[in-house]
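We call the chains A, B and C, going by the order they appear; numbering starts again at 1 in every chain.
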Amino acid sequence: MPLARIDLAEGKAADYRRTIGEVVYDAVVEVLKASKDDRFQVITEHPAHECIFDPSYLGIQRSRDYVFIQVTLNAGRTMDQKRAFYKAIADGLHECLSLRREAVFISLVEVSKEDWSFGNGEAQYAK
Amino acid sequence: MPLARIDLAEGKAADYRRTIGEVVYDAVVEVLKASKDDRFQVITEHPAHECIFDPSYLGIQRSRDYVFIQVTLNAGRTMDQKRAFYKAIADGLHECLSLRREAVFISLVEVSKEDWSFGNGEAQYAK
Amino acid sequence: MPLARIDLAEGKAADYRRTIGEVVYDAVVEVLKASKDDRFQVITEHPAHECIFDPSYLGIQRSRDYVFIQVTLNAGRTMDQKRAFYKAIADGLHECLSLRREAVFISLVEVSKEDWSFGNGEAQYAK
């Protein structure tokens, strides 16, 4: 059910961006326990100076590779699941793209089951 | 009051995208009972491979025309209103653009009346 | 902690957009009392006709300079803080860019402290 918005600076290959999407999807299924094939993602490239981040907030050293990931998802995940989700994404991006774990921003927005339509104008998750 | 973000693959005419905006606006006014002229929308085109969706999740056959619509709106709509909203958009896009009803993704994000400023730095909806 | 998405019509200099980001950041720190250096912003330019707004909803005269600002932030701000936040942004943009105060749209989306990771795959704000 999640919708993931992925924003990053331009200059990477299309494959690089697709891999980010795959890593996020894998974490959605494996950690958040979404169903297989539950993948909806919008990726946007920006001029580098329009993806703005502080380079050292909270003592974390960020670099130009910084990636913004904002995920809209159903409420109900535990704190442990959220922690595991953040870690899975940072680890996955590090493994697949050698992206530094410092370079991953994640923001969650919780909504209700009735707040989704995946096609046909129906509310597939609503009771 | 809603803010609608509309994301879709590039390759359509500007008129096509404008019509999507009009259909969403009509549903906002007619179904959600927003005031006339309450229209605030941001449309973004993306390379097709950066609008990512599973082609058959939940048994719905999606195609490259798939449109992502995410609407931030005030909390308080009933489940019936949300269902009617999804249906109105899917029906409207089908009628106006011959878009298949399967090709419409809608995500709602509920907020409070005090979470909006429409200009002048004031919170127009807050009591 | 806020993530600010700033969307506006193309045609302005990069400096203009950067200044919008600075004004939003200043209001985040001074009014919302976020920590210094808590700055995370994504700016997107659009063709003018894809930033859609009603020119007179609620009696406010909007112009092509209209700027959309959507801020995801932790819940807990008072109504007074939100009002002051809207005013600080509209005043700041007016002072720094001569942007009319009518031309500023702001939408807030409240989330929880555990809904953020600023790097390292950790939930820095969670207890």
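Heads up, the rule we're going with is that a residue touches a chain if its C-beta (ideal position, glycine included) is under 8 Å from a C-beta of that chain, and two chains touch if they have at least 3 such contacts.
Keep in mind that what you see is a predicted model, and the values were worked out from it rather than measured.
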{"item": "Residue-number overlap at the subunit B/subunit C interface, same or different (half cut)", "value": "different"}
{"item": "Angle of the C-alpha superposing rotation, subunit A to subunit B, to the nearest 5 degrees", "value": "120"}
{"item": "Chain centre separation (subunit B, subunit C; CA means) in Å", "value": "21"}
{"item": "Residue list for subunit A, restricted to those that touch at least two other chains", "value": "44, 109"}
{"item": "Residues on subunit C engaged by subunit B in the complex (per definition of touch)", "value": "7, 44, 46-47, 49-54, 56-58, 60, 62, 68, 70, 79, 82-83, 86-91, 101-110"}
{"item": "Complex contact set, residues of subunit A against subunit B", "value": "3, 14, 17-18, 21, 35, 37-45, 72, 109, 111-112, 114-124, 126"}
